[in-house]
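Labels for the chains are A, B, C and D, by order of writing; each one numbers its residues from 1.
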């Protein structure tokens, strides 16, 4: 296991560098940010001065070299927009997204396992049909639409929840998490249901029933753990999506997360922040992938055995 | 004897249903329980009548006073945290004393300012001419690359000296008749402020001081008790930000904020909103260097094709005024005589036909560039303009851009090899003088202009050297000239902002509200509430 | 005595589907007819496809025709065919725009899904079959794409290159490749050690053929299911890009763009944003339902589920009734 | 119809009917099957694929797939008709009274649980033993079925065992609670010949030791000959002949049984093609109204087309469903 982990971590280093380099070059393709940061009436001289101060007058390879040298000293640069250190901004924003994604996935997975198992228990029953239809619909609602509706209905009309924001009790979490939740939940219910139906019709389930096992024992003791592999994979992918893409929710509800930071820094050509943010999410995503692999190994002894090979 | 084992024993079935029902009920209860538990105060805090809660579109990138000409920064900083020497009345355009009690022009290039006494900074230090000199130096002459430097002063450096505690002398390199107006953009900070680097949280002489900045969440201000002027009504203020206009509107409806900026025109009918002219003017800038836009008949046809009233009523919520010039009312140089061009499709088509007959390639594709988020309904407006231009026989494609991309089209050096461009621009004349407009947009080599005429250039230069009524008339006349002989712009509308105001407060927005929202002017609706 | 198999014994028998399977699979439309939701889904989906393919021929320029005086008219029967679903803020017929947008939406979603499906599966199957270094290289490439912010690519493509539906397709396709890559790699890696693959290998079959003839057919149903889910994802992503202003650009129109542009009128003119949203939901739900059905219908070991009479399907289950607590 | 015996049978199946839903409609997969078996005896259900023998077994233990439905008959153990019991009552019988072994031990064992836990599970379910006690019991059972180093191996997972070992584990699990009746559904089909013999011996030993009734489902005549006491030959969902193995195999009273026995290589001459029963069994949806075997029967006559023969006694403890079983007896 440890060998496996070490190998995985080492093999993630090269792709990580690729991501950083890719972002570096792509960002610079979007043009010089000078215009955005100087008043429209700034003179050519002022522009040149600003460019030189920020190092944008150098060739791209030279800029890259400077960036890498600084990065090696854990200095990821300063934000053009706010003048703060990029590292600081990213470290401020990241926990917000991580918490959102964590709570969302926790709820999505537990809810989906519950509903999906119940649905799989009696395929084609009313419960199954309702659960399937609802989950499919949930998975296909545009999230920003759901968010705006949520604000209007629960925030304003019913006056149950705050419209937006991060400050306050647990109630501020409800709408953002609900918005983030619908799609992963919808997808996961279908995945859980699918793999549970397959697991419940497997011969070992018949044998378990032949031993007189109760339904609870059959579902949770036997079927669920076998059904968990595809669920884990999909849940991993969905979490990656959340880490990278809670932009909409963060934008609408005013949560200062990494997604919002990223889109802002893209639109504002704030390269240092963008690079730092991408590096942070990329590291997280790599870690997440490794975590999923470890979970696979933990739940399935066959994978565990195959690992050292 | 036959029976079916698949019909479920009734007990089992019922229990199963009961389980489902319990689960469902539990979920609902849990959800509503969470909801009720804290009920809904939101970021801006509970309405306590003592905190003024303002919701902006975005978090201010910084509160550095020398960046106050950035809208996002200025709206919080200006006149709330820091103050300039001179302030401009947004309605009349007149200059009023603020930290300076008066000023005099000694000669062409030298001005003296008298400092107000008894003013202290929020850190307790007294305000003197030394501080004023420091602040001007820091903003205009330093290497900080302050936004205000580029915005109002260009390359020019100022020589500033504090002759005594109460007297300041400013010397310009060139004669500058509007120096006091320019200085109204320089916010005064204490001389202890870092001169080599920008600060994120400033100290000023304003009625409010920064209490805390929760990054990403809120900025809290508290009343500065030793403020030299009248004490504002609200002891505390809190800024939050939401980029979605419907959420900002919802926060007003819900009572989560007292003031919300930049609402969508859709909300205009609510009685919690108030519209105000914001000195922004929209227009299509036609690139006169490229066929077919190089033909004045085609440019005039475009001007005639635009249905200003239709666009304003349908897309801008009826909040804007049709425009015939770039300079809005209330700004020196605005010409009352100019009428917006009425739509005349027939005449426009005739002009195009005429041009086509003379060999102008009117079917060459024109790119209509507009910026996402420039104003509410911008992409619909672009589509409407495209449709109206196509109706008179032009070939137009829309390209929506982000700010950075749009700036490449807007600013010199203009992009090459992109064909004829019709750029949707929105020009805000914060400064109140047409010179800020003409030197940028009308000079043939102006930073935001594509072409012009020598005649117009000459008139602009002449007008800039004048002052008083002569200045007004010279600028007003040259605006007519642009419409007659240049037609670089098909003007669209003088825009309005829409502010959401809670019924619990009273506030009169003015044309500067978008850049400078004076919290001290906000009062509770019912007297004696606080 | 060595082998005393019964003469007609052709394998083991314990599942109920053996008997009917022998007769050959039942006609697919018969099966479809029996599953009412799947049948409805099929009808909806074919309708959407037909509209997307031929709708533009009938509506002429109605989707573009503006009338600022007729802005935001509510759906009504009185305004002729094009007024049935009301008008948008520019006075254009929402019905005509929905039809126009159907074509754009599908011409973005379908090629994007197909591209990522084909490229991702091809690489994934190849990597999974060969294993070793090729496998780990492919997986790391997937990691790179996954952790790359697709928003950045979208912005670059949109603002640096010219914005077009094709570019959106490319962005979405590239962003989804890892999903197929990982799925197909897993399938291929599992299948490569199976007996029939070993057998093919010993006969010297080139690996390309083994992948094509032995591995692909088995992995395909799973990949197609993923593709259907992705179809939904791609439509929603396109819509989100529109929300951020970096999706399909006017005057092109997609359902996602309609939802995004109309959301500010949610309270005053619901039809502008709700109807295209409904179109997205209906299409994706239909696709998902149909995919679930097709998956069962093409799997001989599952097909029997579809053959259950309606009333019994409601009552019985994969788990017999005595299992119900 | 029951065997004539003084002691009560451990399992008594009477007139069992199972309907199966298919795309082309509902068909009868098991049609009035009856048999019974006493403790210590082995009954073989013999037949080709699709003849309904496995479905019979699954309906006895209540594990039918939902596409199939028991529409009539009775399955009696310990004097109770299991088909009429509630789910919970039925679960009480599963394990201590009725038990089953499947053919494919790899899929029949839960791949993600250590085998020790799976084998100990019946003790936890029915006897309420602690995890540790159940584990000890499991190790005992593993020792009994011949797993080497059971204490270590109890922690292993199914995929780490060979096919024969897995089958032993499955059997250990099935006999854990000394059931009255053990149903073995083709328990050796997937195994090597040598391993087959070991497994059959293990089954026999366990049966003797625990005095179980065994229902052995198979298509293998040799297994029946060596292992079973009684045999019920099934064809197209019905029992066509029943009796002791010795009597039925030495003198079949049904043309189908005879055809089967003739096709065994031992009786054929070298170099000649094996005589086989011509044709194939009828589709379940097209079972003829008369005798089910009429299409392949060498003796078919008019009566066979119009009238279905019922199972009737052809000897002391045997019966056959043929109008002309006496003719066969004369051959």
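In this section, contacts are C-beta pairs under 8 Å (C-beta built on N, C-alpha and C of every residue); 3 or more make two chains touch, one makes a residue touch a chain.
These numbers come from a predicted model, not from an experiment.
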Chain of greatest Cα-centre distance to chain D: B
Identity of the most central chain, Cα criterion: A
A-B or A-D - the one linked by more C-beta pairs in contact: A-B
Interchain centroid distance [CA atoms averaged], chain A/chain D, Å: 53
Chain centre separation (chain B, chain D; CA means) in Å: 85
Centre-of-Cα separation between chain B and chain A, whole angstrom: 35
Distance between the centres, which are taken as Cα means, of chain C and chain B, whole angstrom: 44
For chain D, residues contacting two or more additional chains: 62-63, 65-66, 69, 86-87, 91
Junction residues of chain A, two or more chains touched: 30-31, 148, 152, 201, 209, 214, 251, 267
Shared interface positions of chain B, touching two or more other chains: 5-6, 9, 12, 246, 402, 404-405
Residue numbers on chain A that touch chain C, as the complex places them: 11-12, 14-16, 18-19, 22-23, 26-27, 29-31, 120-126, 129, 132-133, 136-137, 139-145, 148-149, 152, 183, 187, 190, 194, 197, 200-201, 209, 214-216, 218, 233, 237, 240, 244-245, 247-248, 251, 262-263, 266-267, 274, 278, 281-282, 285-286, 289
Chain B - residues contacting chain A, complex: 20, 23, 31-32, 34-45, 59, 61-62, 64, 69, 145, 147, 149-151, 154-155, 198, 200, 214-218, 240-244, 246-247, 250-251, 253-254, 256, 402-405, 407-408, 410-411, 436, 439-440, 447-448
Chain A - residues contacting chain D, complex: 201-204, 206-214, 217, 222, 225-226, 299-302, 305
Of all residues in chain B, those that touch chain C in their complex: 5-9, 12-13, 15-16, 19, 245-246, 264, 266, 307, 310-311, 313-315, 372-373, 376-377, 379-380, 382-384, 386-387, 398-402, 404-405
Contact footprint of chain B on chain C as seen in their complex: 64, 66, 68-69, 71-72, 89-91, 155, 159, 162-163, 245-246, 249-251, 261, 263-268, 312, 315-316, 320-322, 324-325
